[in-house]
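As structure tokens, the structure follows; a few thoughts come after it.
Letters are used for the chains, namely A, B, C and D, taken in the order the chains are written, and counting of residues starts over at 1 for each.
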């Protein structure tokens, strides 16, 4: 099987290359990058001495030349490229937001462009295996979830699905800076971001419609989310602290979550709030569940690696499902080895 | 005027020394430290070459020898020492929690000791000048607020005072590690804390009763707070992201806050969520106020330096008030100069 | 006295503004920035609420409108602007390298442009007060030293001046990333620089001719320096570890340094190798002197703040000298207050 | 084959567990820790969900119960335990310094204890495969090198072996803080180490005799090293910047190094000074070689992970050799997967 990665010079692209390098039965035969067209992988990323280090970045990938596609492109180019790949009957996992939300209006409101392929939007499957693995199995277009939605939805799914979360859901999330991509920006220039932290887009982050639409799909009713993301000065890692009203006791709540996720290979429960360093480099989502009886509010805290379960290793999890492998194939070992402690 | 600082070798003690060094009309004549008894200030803190660098740490301070006292001690020793200083008629600012909460039960429940001087608890004034400056003026015992309560209460006060915040208040806060003190601990050993972040004490942090009791005092009714603190890998700085139901529109809310704080020298409004680096080294509290009309929830975000407005410079603000100085005396300049950017 | 700061939106410009804000007898009446022309200082740097916060960035400064000039511009524009200011008889401190090296060939070789005003090069005084304060007093053009040269030369001056350092001098230096300026770059994008460190320009850093020409001037003979700079992942701070052959014993060496610097207000000797955090935000240079008798090599280690003694506060020290103030005027206090520990 | 790891709760022990977890033909059947005796691995290190997560820390390991031993203990206990293991005829890799230096006087002078088994010292093989793989193959006691010596010796070996490095060798090294171990200390408390950097033990670091004795062994003559280590605020990673006089031209020098290391699986040459993040989590040593013709000095810069090639993965490399496996077995893949970029 020949694999192409479009946009392979960004953080999610490189992480895909790292993970897929240890698959012996596939061949990555195309990588593209507008910025580094013509350069070898190892010349742009000198640490990359693995088997694909001599691959040359193409300007664009050629759909004829590969069998399976990972797209790590901006949203708008993805809309088109996914469409074109789909028309050939080949499979694609899109790491952008281009096919994540069924509601086309969200694209106009939150992403600033009109989505031209609403019918394909409805065919695309949201690539969160813990919720949709059956659909992912036969999907030809998988929209790989955003990092904040992955951390948030996994913290809410059991409660929302069983309709035991009432009223507004309040999510405060912390993200490492790699979530903002590889393009240098003033606010992420090292001397500025060093020692700093702050909330951003406090009212209208693009991930809100993504979360609400998925949760509505699983619960059958409207879900309203108050979401405040914060930048923290690390490279990788994400925490979502989720609060909602519930009538369940702490024990019932914990039982509900454990039951729902009892066969999940990448969900680990923790008796203390999870650390981002416990999941960095892995495909794990660590979850802590508790209830504050004084206020009647449930507190669920999740930790993921924004480039792992929040992006690239989750894409590989989807790839395993779509290609008939065991879902955790290669990923469990990689997850343990990727955790560099301290 | 002769000043004593008890527990001067911790982070809040050293910060007091830094700030008070630029007062020319007072003399710090006693500093104490059990750990460094007999050593000179400059031998323990080699960077300290200012005028007090030759001061010697005493085992304990002598109440007879000074006129005004800052206590940077653990909670229990403070209970006693405040009492003894108070009996001499001298004034004291206590940076521990020993006299912050009127409800003695909170000490048994959250601090693990029985408070022996409930009557003095009721005489002590909570040292948050924006709320209680009139009482601070004539107080002989000022209980300097905790860092989380300072950031949280300043973000809530205008709304709670006017009873426009309904239901549970949800606070998610981020703190730099200096808030945990100077004593080395496994979880704050550099290689472990480096690149890490996590929530802690997610249900029962000690600062909850402090916040609730102060807010009840200003609103006249019970206030329930859901509070989740998080560690972020910086030395200094604190963010409180506060969410509550309100019927006020965004404009009304902003107006309410601006009006309440219009004469405050150390409160700055910001049109974007505040950065901790904008307040590090200063006595400022930066505030952002907004409303999410979709969910009906107000979002107020504050930033302080946990060792500044959250501890030592706030203690100096109280000192200015208690000694008849202008409240911002020396502090405004220090606040601007302390901000080391980038 | 009216002051202009050209290029005021970079790190050295902002640091000048911070320091000069506490001078009550001068007025900063012009700041320029090509990037932020027309914007207020406080709109670009929201933390800047001091007295100059409403100043508007001009595209260029007007030489007629101010009496004294600080230039924080790239090298080539500085060459011209210094010349034009000089022609009006006004004084200027140039923080670029445009007038630091007497040898015009160094500009062609290391900076890539031909220096058009060699005669003015020879009039300009190198603004390292510990070496040249008498000349600085009457200078009209002061070339403010680079950060690496400041840290290195102060670690070498006593030995080189007395000709007790033999053979090649080997300097290994560590610098925080603010030394590379405020312009975002790939290698200083937070996720990349986070947790990283490396040597760079290991053979031909531009500061080599600056160091060698100054040291030749004070010693009367050629000095050869092997200089390897390293990036460390902090915002501010610089260490220079200097090694050279000497016949002096450790005691003689220490005595030589202490004697030479005995009246220096900003040089502090330390009995352990200095920490960058002990000087961050200050104008201090901390120095450690020792000798390795096994190898016959002296080891001198210095620490400065690259934006302080390595740039802006040193410029203010020069300003004090040039305007007849006491050299440490305002700077000692600022140095102590700027040290934000921890 | 049953493996025991003594002192498994420190950083090198945990890293060994991480790496050895992916070997399918061995079983780690004993781990010891005085501090955590009786606790499960996963209870002390919650991120450790791999196959050994239920292993219980013993107070001591039982020599009868395992076939091969890794010791991650303090120096003195290692002296005894290595001796006892050796007497049973079993093999041991000791990660302490207990058997690294042939010269017993170095133990008295630099480590403060008298070495009781000089005869075993001479039997022990220094576990740097690039120099001593033939001896390692049949060794029963391998003394795993220190991190600074690994980085330094690999940067010097080709030149010293061929006697083309003259005079004193000057090494400046930078180390992440994990090199100081897992025990919390004041200077490594996060708020203190954050944003700081400094040289330490500038004259007499314990690794000097280790480096000099190994280099003397390969060159046949005395080697004198001037070594200054520096702390940098990262968890992992080490740079050694090595300077020495040589008559070789740059091209000859580069050729010499490339030839010597041409078959080494874990040595990578880089055309720019190497980054510590390029080797973090791996067993690689990246090397940059150049010559400064102006001063006649060679500049060799190496980067390793102090816990990888500087400790645990190098121990596994030795283990591969000692057990007849291919030297890079499992390690190359782990090295690539361990590199978490960004």
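Keep in mind that, in the parts below, a residue touches a chain if its C-beta (ideal position, glycine included) is under 8 Å from a C-beta of that chain, and two chains touch if they have at least 3 such contacts.
Since this is a predicted model, take the numbers as computed values, not measurements.
Common neighbours of chain A and chain B under the contact rule above are C, D. With chains reduced to the mean position of their C-alpha atoms, the one farthest from chain D is B.
Between A-C and B-C, more C-beta contact pairs join the chains of B-C.
Distance between chain centres (mean CA atoms), chain C to chain D: 39 Å. Work out the mean CA point of chain B and of chain C, and you get 37 Å between them.
If each chain is reduced to the centroid of its CA atoms, chain A and chain C end up 46 Å from each other.
Counting only residues that touch two or more partner chains, chain B has 11, 178, 182, 191-192, 194-195, 233-236, 272, 275, 277, 280, 342. Of all residues in chain C, only 11, 176-178, 182-186, 188-195, 233-236 touch chain A in the complex they form. Across the interface of their complex, chain B is touched by residues 168, 170, 172, 174, 191-192, 194-200, 202-203, 224-226, 228, 230, 232-237, 239, 241, 243, 272-277, 280, 288, 290, 292, 294-297, 299, 301, 303, 342 of chain A. Remark: chain C residues 11, 14-15, 18, 21-22, 45-47, 49-50, 178, 182, 194-195, 235-236, 268, 270, 272, 275, 277-281, 284, 333-334, 336-342 touch chain B in the complex.
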